[in-house]
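Letters A, B, C, D, E and F name the chains as they come in the text, with residue numbers starting at 1 for each one.
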Amino acid sequence: MATLGLIEYQAATAEVRAVYDDIKATRQTDSINNFWKALAHDPVTLRRTWQSVKEIMAPGALDAVTKEMLYLAVSATNQCGYCIASHTAAARKAGMTDAMLAELMAVVGMANETNRLASGYQVEIDDRFKS
Amino acid sequence: MATLGLIEYQAATAEVRAVYDDIKATRQTDSINNFWKALAHDPVTLRRTWQSVKEIMAPGALDAVTKEMLYLAVSATNQCGYCIASHTAAARKAGMTDAMLAELMAVVGMANETNRLASGYQVEIDDRFKS
Amino acid sequence: MATLGLIEYQAATAEVRAVYDDIKATRQTDSINNFWKALAHDPVTLRRTWQSVKEIMAPGALDAVTKEMLYLAVSATNQCGYCIASHTAAARKAGMTDAMLAELMAVVGMANETNRLASGYQVEIDDRFKS
Amino acid sequence: MATLGLIEYQAATAEVRAVYDDIKATRQTDSINNFWKALAHDPVTLRRTWQSVKEIMAPGALDAVTKEMLYLAVSATNQCGYCIASHTAAARKAGMTDAMLAELMAVVGMANETNRLASGYQVEIDDRFKS
Amino acid sequence: MATLGLIEYQAATAEVRAVYDDIKATRQTDSINNFWKALAHDPVTLRRTWQSVKEIMAPGALDAVTKEMLYLAVSATNQCGYCIASHTAAARKAGMTDAMLAELMAVVGMANETNRLASGYQVEIDDRFKS
Amino acid sequence: MATLGLIEYQAATAEVRAVYDDIKATRQTDSINNFWKALAHDPVTLRRTWQSVKEIMAPGALDAVTKEMLYLAVSATNQCGYCIASHTAAARKAGMTDAMLAELMAVVGMANETNRLASGYQVEIDDRFKS
């Protein structure tokens, strides 16, 4: 189920439970994803990763659904099966409709295509795009 | 400047000029990116790629700036130098601010990190995420 | 079980058996991984790949466990399910503890994140790092 | 020099300077890499990324040079030009010799090869490697 | 079976059936791959993707089996499980023998290795290769 | 010019010269690519890599130009700048025309697109494609 196994709430240390509790409160859910249960074998990484995700995914200049869709676009590009499954669910919970999902996937597919055409043809950056 | 060189408007065939004209009209610009000038050596691919990009990037269930940000997120994940440069410019033109760019990059970075943690720890997909 | 199937020892030609025997002797094991059994349909690639792996993974300036951890870090970055599973086992056999695995994964995750931040922000190489 | 430019120490806010000072103290250097100067436009990401890198790269179950070599192995696999340049320098500073670099690159190359052979031949995970 | 499920012929709209019929006629088969059935939830993407694939994969300067082998080489490099399975079948149907498959995989593996050696060692492009 | 510099023929040891000589004879050229000159700092890797490339790229079930095109397709997918430049040249020398290059790039682009659509939509492998 994972290299080091999954740590359920009942079996977790106080340190791990504190992170689980914060995940539940922040996401307003009773479920803890397998991802966090797998990381719980390394409480330092669990805490740091959760704190980073919590800070990064909070609405700011971008709203929650846009951030979740960006996360899904990256996961689809990397072809991470776990992440595609969990972030498709998360993006939907944040408001992504089937029509939005379909347009997202179309953009992801096209960008992956033109990325290779640009690199494959050795196209040089236009002067006006140089930073 | 590109494997097969760049074809400027003056040197282009009528077929290629028609695509260039449509790009200029659609994007309300006088500039043609090097990407299209490099593809112009293969007019069939030029036409098909432009038609696909035009169709995919038109506002629909997602607005223009969201689509451009998804494009940029994919390009940053793939580390395509040309595409990062051109789509940073395109996303800005569509309304992406510096604050939005910063949040986008933070999400891209985090997603690339957790993609590898999920895969590296061999985390199995939670039953409730299974499609 | 693999595109061309798996070739077991009993069904193998003398040429393939010689490689299997060398794998068993070098790794001090009775098991042949599915990877080699799948490659065995192409004895030339089987022999060359094994000879290369044997030469590269032998302790030298780097010891065995460090080499196996580097292999695992690459496999996690590429998200190769088979390779993550087999090289997690190999690295453990070579001495990687759970604590070492956890630190390895943390580095892999972080490097994948900052790789995209550096590329996504189009950061130029510092003069003092230029080779 | 970077999408949003580089922020030098003299031009930095107190918040950014505090991070720069900690980088200098931790790494015992007077130089701040362009990477941090580019991130400084987003002080929240600058601080979080530095704190994470500092925590992850501190010696623990793995020593500093092993961690830097893992970072370089990931960066070479992702072909991130900036990261290869900066982490080759960092790994050398931490004690990586030319001989260690050569063996690292040989492992990285081989792992990238066998990752594709395993996936390309659709090899199934051996039962004894299943987590 | 896919994020949005699979749409079978009997349940498909006239628009989707038209694409399915063209796939069957072009490929001289009665089967529609799951890939197309999953895309059918987004008829615009289904149509555009099929039209592009049909145009690109038609024999031209390259014959059908060479094109299918290139498709498989990309899929193996990206480690896309679905695409490796379906394009191994497609390439075989187009004439790829086991011996050709074995040589293809050997090239794919080697190219993935030397790609990282070239990038990892920061090798500069030879003047005579500059476009 | 490369992490460890480039070793020219005149400065090379007898061991390295022997490899250079074999490259020149096999490829019927007077030029040694920077790639080999960079690897020459590690004569063991230089020899092994050259022997592998020589064995793999020799015409067999696939001819030379097909093998070079597969190499280029992988390099474009990985976006390895050095490898795209050198293998575009090598493929042309082996007989790839501009029309063949254009079709190759179209296939590479399309495969990169559909790889992400298949993974992003979590499409399951059709029973008849299961190995």
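By our rule, a residue touches a chain if its C-beta (ideal position, glycine included) is under 8 Å from a C-beta of that chain, and two chains touch if they have at least 3 such contacts.
Quantities reported herein were computed from a predicted structural model and do not represent experimental measurements.
Shared contact partners of chain C and chain E, listed by label: A, B, D, F. The greatest centre-to-centre distance from chain F, using averaged C-alpha positions, is reached by A.
Note: the chain lying farthest from chain C is B, by mean C-alpha position.
Of the chain pairs listed in E-F, D-E or C-E, the one whose interface repeats that of B-C (more than half of its contact pairs identical by residue number) is D-E. Chain A and chain C have centres, each the mean of its CA atoms, that are 27 Å apart.
Taking each chain's centre as the mean of its C-alpha atoms, chain A lies 34 Å from chain F. The geometric centre of chain C is 21 Å away from that of chain F, both derived from CA atoms.
Contact with two or more other chains is made by residues 1-4, 44-45, 49, 52, 77-81, 85, 88, 102, 105-106, 108-110, 112-115, 117, 119-122, 131 of chain F.
Interface residues of chain A, counted against chain D in their complex, comprise 1-3, 5, 44, 48, 52, 55, 131.
Note for the complex: chain F touches chain E at residues 1-4, 31, 33-35, 38-39, 45, 49, 52-53, 56-57, 60-62, 66-67, 69-71, 73-75, 77-78, 80-83, 85-89, 97, 99-100, 102-104, 106-108, 110-115, 117-126, 128-131.
Interface residues of chain F, counted against chain B in their complex, comprise 79, 88, 98, 101-102, 105-106, 109, 122. Within the complex formed with chain B, the chain C residues making contact are 72, 76-77, 79, 81, 84-85, 88, 105, 108-110, 112-117, 119-122.
Those residues of chain A that touch chain C in the complex are listed here as 3-4, 41-42, 44-45, 49, 78-80, 131.
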